[in-house]
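Both complexes shown next keep subunit A, but they swap its partner, so subunit B is in the first and subunit C is in the second.
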Partner chain A sequence: MAILLDMRRGKEQKNKWHIYEEIGTEMSHFNLSAEIDRYAYTNALSKNSPVTKLLFALSLLLISVLSPSPVAPITVFLTSTSLILFCAKIPLRFYLRLLWYPTLIVALTCVIIALFFGYQEPLAEVNLLGLRWIIFRDGVATGFTTFFRVAGALSSQFFLVLTTPMTSILLVLRKARVPKIIVEMSLLIYRYIFVFIEVMETMRIAQELRLGYSGWLKKLRSLSMLIGNLFIRTLDQGERTFTAMSARGYDGNIRVLEDLPKPSNVALAGIIFFAVALAIIAYLTMDLRIV
Partner chain B sequence: MHIMEGFLPHPWWEIWFAVSIVVVILGVYKLKKLTERFPEAKPLLAVMGAFVFVLSALKLPSVTGSCSHPTGSGLAAVVLGPAIASVLSAIVLLFQALLLAHGGLTTLGANIFSMGIVGPFVGYGLWVASKKVRLPTSVGVFLAVALADLSTYVTTSVQLALAFPSTSFMDSFITFGSIFAVTQIPLAIGEGILAIFLFDFLVKYKGKLLSAMNVIGLRVGLQSQEDAK
Partner chain C sequence: MLFRLENLSHQYSDGTLALDNISLSFAKGERIALLGPNGSGKTTLLLHLNGILKPTSGKVYFEDKPLEYSPKALLELRRRVGFVFQDPNDQLFAPTVKQDVAFGPLNLGQPADQVKKAVDEALRLVGMSEYAEKPPHFLSFGQKKRVALAGVLAMQPEAIILDEPTSNLDPRGTSEILHLLLRLNKELGLTLILATHDVDMVPLFANKLYILNKGKLVSEGAPAELFSDAELIRSINLRSPRITHLFEVLKKEDNLPINPRLPLTISEARKEILRLLESGRREKKKRTTA
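Right after this comes the complex of A and B.
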C-alpha cells in the first residue's frame, strides 16, 4: 500500500524532477522514463478504464504488425497519434521528442535494408566510381513495409505508454490471473527502478557540486564510485523498505482498493468495430505494391 | 539488443514468443518456490531486476533496428540462477517497453529469448564450468558476465538475420553481427569488470542469504565471507 501511495504522488515527483532538469543531468533516458510515468498518471485519459485502453492499443498493435501492406499501419499511426495529442492532451513537443529518435533509427535501418537486401528483381543499377550497385525490388519493398509497420506499432505502443499508468496495468494483470509472484515482483521492481534513479541522481548531483566531473580522469573515478555505491545504496534502501513492510504485516500481497474505472460498453463496441474495419482494410490491401 | 516494436515481421515474433514462454513459466515456478522459502530474498531479487533495467537502458543507437547496451542479466544469472534471471529479464523488458518505449510488446518474446534466456544460460554455464576447473572467482564472474552479454548479441543477430535474410542467412548474420560487434565487445568487457566488483560486494554482505538460497556455490560464498571477516 505504501508503495502504491508513493507511486501516486505524481505532483510531488514533478517538482523534484523539474529541479533535476534545471541542474542539467546527462542521464536523459532516466528522466525520460520518469517523465513518461508522470504523463501516464496526469494525462486527460488517465481516468478512463485501463482495460479499454489496453484492448485498444493491443488490437491496433497486432493489426499493424500482422498487416502485409502499409495501409493499415498508416491508419493506425494517424489514429493513435491524434488520440495521443487531442484526447490524452500530451504536448506535441514531448510526443515529438519521444518519436524522433526511434523514427530516425528505423528510417536509417530501412534505407540499409532497401539498399543492401533483396535478390529477386533488379530495380535500378547505380554506377558509383566504377562500382556497380544493384538495388533490388524486394529489398526496397521490405524496407518500406518495415518502416510503416514500425511506425504504426510504435504509435500504438506510445498510446498505451502515455495514457495508462503502470500500476493500473499491473492491476489488470492481477485480475487476469497472472501468477501473484509475478505481479508482486513487478511492483517491487517498478518501485526500485525509481529508487535506483533517485539514488543515482542524488549522488551525481553531490559529485558534480564537488567538481567530480571536471576532468576526464575525475569523471572516470566519479563514475566508477557512483556505479559501485549505487547498488549498495539501493539494496540497502530496498531492504529497509521490506523490513518496514514486513513489520506492518506484509505477507506477499499488496492489497489495494481496486478503484479502476469500469470499461464502458460503448467504448468496447467502438474498439471492436474499429479493429474489425482495420483488419478488413488490411486484408483487402494485401496485394498492394508500392514499388 | 532490444528489437524495436514492430520490427520483426509476421511469423518470427510469434515463434520467439512461443519459445520464450516455456522457459519463463519454468522460471516463475522456481521463483515461487524460492520466495516461499526465503521471503527475505525479495528485495535482493527486485533490486537485481532494477539493476538489469538500469544497465540495459544505457543504450547506444545502432542501425540494426535495435541498439547496443550492457545487459546485466549475466550477473543476475550468476547470483540467482538462469531460470529466475529469465523471469526478472522478462519483467524488466516489459517495463522498458511500457516505461521507456524501449523494445516492444510484440518483440518481447524475441527480446526475452536473447537477453533473458540465452544470455543467462550461457553465463550460468560458464560460471559453473569455471568453478569446476577452479578458476578464481573474479575470472569466473568476468567470463560469465562478459560472454553472457556477447551471446545475447549473437542471438539478436541470428534473430534479425532469420527475419531479414539478404542473399542467404549467413550473409545477413555477418552484416548484423559486425555492426553489433563494434560497440558490444568493449561494452561486454566493461560489464564484466563491473560485475566482479558487484559480485564481491554481494558475497560480502549477502553471502549468508545467497549460500542459504543455494544458488551460488556454497564453498565460494562462505570462503569469501570468512575472508571479509
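Right after this comes the complex of A and C.
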C-alpha cells in the first residue's frame, strides 16, 4: 500500500494542475491497482476461461515455490512473462513497472541470505576492520534459488491478476465452494474499494487545498481525521447499500448469473502436461550446483 | 388508486418529525413529481411506498389494500414497485453492470435464461448494452445512473420511484434521463413517482405535482396550476421555472397582455410569444385602418 501511495504521489507532482479537474472522473488513473484492474478487463486473454487461467497460475506458483533448484522457477518466469507480454498483450513498460519494486525488495533479501546463511564449504573470506567474514557456498546457492523462486511465483500471479477480471475469479471461487461469506465479502469489498479510493482522494485534496499537509504535525492530524472520516463513511455506505439492496429483494443471499466461458479440454490437458514436466525438471535438477 | 397515504407521519429516532400527517393518492399510469426544498421529507415519503420505512402513524395503501410488511409481501411489492436511489453508488454493488442488473430478477427466483433476457432488455432500454461486462467504476456518473435504472427495470415493475433522478447530471444527461422516463411512461405505461427540486424539469415531466415543505403537504395539482402561485413557491425556498419568471416580470413590470396562465416550458413560451406578436400586429392593422 505504501508503495502504491508513493507512486501516486510521484505522478501527482508532475501534473499538479490536472488533479483538480480529474477528481471523480479519472481518479483511478493515479492508482497502480486500478490500472491492473483495467488491464484485467481489457487484455487479449480476458475472455478466456478463468478456470484455466486460475489452474495455470496456481500450479506454476506451487512448482516455483517448492522447486529445490532454480531451473523450474526460471522456466515458469519465462513462460508467464511471455504469456503476459505476447498473448495478453500487456505493454512491457507497465509490466516492468509492476516488477520493479518487488524485484528490488527480493534482490536485497536474497543478497542478505547469500551473505549471512550457510555453513558448508567456505567460498570467500572478507576481512572487515579486523572482523573475519566467511561467505558459504550453500548460502549463496540458497540466495540464488530463493530469488528465482520468488520471481517465478510473482510472474505467475501477475499473469493471473493481469489477465483475469476479479469478477470471474469470484465466480470460480463460488463454483469451487469457497465459503459464501468469503466470496460475498470479496465481491462487496472489490466494488466499494474503488468508491472509497475516490472518496479518500477527494477528501485528501480538499485537506491539502486548505494546507492540511503543510507540516509534519499538521500532516499527522489531517491524516488521522481523514482515516476517521473514511471509517464513518464506510459504515454509512454499508447502511445505504443495504437499503438499496433490500429494495431489490435482498434476502441475505447474493445470487449471481453464472455464464463463464467453458474451459477447453485441450488447454486443461496442456496445463497438466506442462505442470508435470516442470515437476520432473524440478526433481531431476535437485542436486544441480549453481555455484 | 395505486398508492394511497392516509394521515401518514414519520418520526426518526432522533426526534425529527420528517413527515407530518400526509394524505394523498397516486393513480396508475401517472407521472408524479414531489417537489420540495432540501429536508422537506420527499425521500422519507418515497421510502414508505416501497416498505423500506414503516409509518410512525397512519397507513399506506397499495391498490387499496394496507401494506403488509412480511418478507413475502415485501418481495412482491418490491417486484411491482421499483426504487432508484439518488446516489447510484449506493445501488450498484455488484462487480459488473450485468451482474448488478441481474440481482433483482435473480432474487425473484427467475430461471437463468429468463434473467439473461430481462437483463439484456433492460440494458437496451437505457442504452447501456455495450457496457454489460464493465465494472461500475469504469462508468461515468450519468451512465451509473442509467444502470441503476436498468437494475430496477429488469424486475419488470409497474411503477418506479426515483429519488432525484437528475441531480448531479450535466444538461445532456438530464435530458437523456428525462426522455427515457417519458418513453417508459408512454410505451410501457409505467407509473413514475419522482422526488426533485429541479423546478425547470418538473413541467416537462409531471402531469401531477405535489409540493412538500417541512414534512407537510403544501399543495397538489397540475404543474401549471401550482406554479401560477409564485408567492407560495417562493415562500418555501423554491422558485418558478426560469421561463415562467421571465413572463411574470414582463407581465408585472412591463404590463404586457400575457395570459394569466403563465408558460412553464420553452414550447409554451414560444406559443405565447407568437400569440402576443400576432395580436400586436392585428392591433396595428386596426389602428392604421381606423
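Criterion: the second predicted complex is superposed on the first by the 255 of 291 C-alpha atoms of A that agree within 3 Å, B and C clash if a C-alpha of one lies under 4 Å from a C-alpha of the other, contacts with A are read in each partner's own complex, and residues count from 1 in each chain.
What we mean here is this: a contact is a pair of C-beta atoms (placed from the backbone, for glycine too) under 8 Å apart; a residue touches a chain by one contact, two chains touch by 3 or more.
Predicted model only: the values in this text are computed from it and were never measured.
Chemist: Please tell me which partner, subunit B or subunit C, touches more residues of subunit A.
Modeler: Tallying touched residues of subunit A, the top partner is B.
Chemist: Counting only touches as set out at the top, which of subunit B and subunit C does A:259 meet: first, second, both, neither?
Modeler: Only subunit C; A:259 stays clear of subunit B.
Chemist: For A:285, using the defined touch cut-off, is the partner it touches subunit B, subunit C, both, or neither? Pick first, second, both or neither.
Modeler: neither
Chemist: Would you sort A:154 into first (subunit B), second (subunit C), both or neither based on which partner it touches?
Modeler: After superposing on A, A:154 lies in contact with subunit B but is clear of subunit C.
Chemist: Once the structures are superposed on A, label A:113 by its partner contacts, choosing first (subunit B), second (subunit C), both or neither.
Modeler: So A:113 only meets subunit B here.
Chemist: Taking the superposition as given, does A:249 touch the first partner, subunit B, the second, subunit C, both, or neither?
Modeler: second
Chemist: Contact-wise, after the overlay, does A:98 reach subunit B, subunit C, both or neither (first, second, both, neither)?
Modeler: first
Chemist: Now for A:241: first (subunit B), second (subunit C), both, or neither, which partner does it touch?
Modeler: After superposition on chain A, A:241 lies in contact with both partners, subunit B and subunit C.
Chemist: After superposition on the shared chain, which partner residues are touched by A:190: those of subunit B (first), subunit C (second), both, or neither?
Modeler: both
Chemist: Where on subunit A do the contacts from subunit B and from subunit C line up?
Modeler: Looking at subunit A, the two contact sets intersect at 37, 166, 188, 190-192, 195, 241, 246.
Chemist: Report the residues of subunit B in contact with subunit A in the complex, numbered from low to high.
Modeler: 4-7, 9-10, 13, 28, 31-32, 35, 39-40, 42-47, 49-51, 53-54, 57-59, 61-65, 67, 87-88, 91-92, 94-95, 97-102, 104-106, 164, 166-167, 172, 175, 194, 197-198, 201, 205-206
Chemist: Please output the residues of subunit A touching subunit C within their complex, sorted ascending.
Modeler: Residue positions touching the partner: 24-25, 28, 34, 37-38, 41, 165-167, 170, 187-188, 190-192, 194-195, 237, 240-241, 243-251, 254-259.
Chemist: Could you please specify the touching residues of subunit C with respect to subunit A in the complex?
Modeler: For subunit C paired with subunit A, touching residues are 47, 50, 52, 71, 75, 78-79, 82-83, 85, 87, 89-96, 98-99, 102-104, 106-108, 112, 115-116, 119, 133-138, 140-141, 151-152, 155.
Chemist: In their complex, what parts of subunit A are in touch with subunit B?
Modeler: Touching subunit B from subunit A are residues 29-30, 32-33, 36-37, 58, 61-62, 64-66, 68, 73, 98, 101-102, 105-106, 108-109, 112-113, 116-119, 139, 142, 146, 149-154, 157-158, 160-161, 166, 169, 179, 181-182, 184-186, 188-193, 195-197, 200, 227-228, 230-232, 234-235, 238-239, 241-242, 246, 252.
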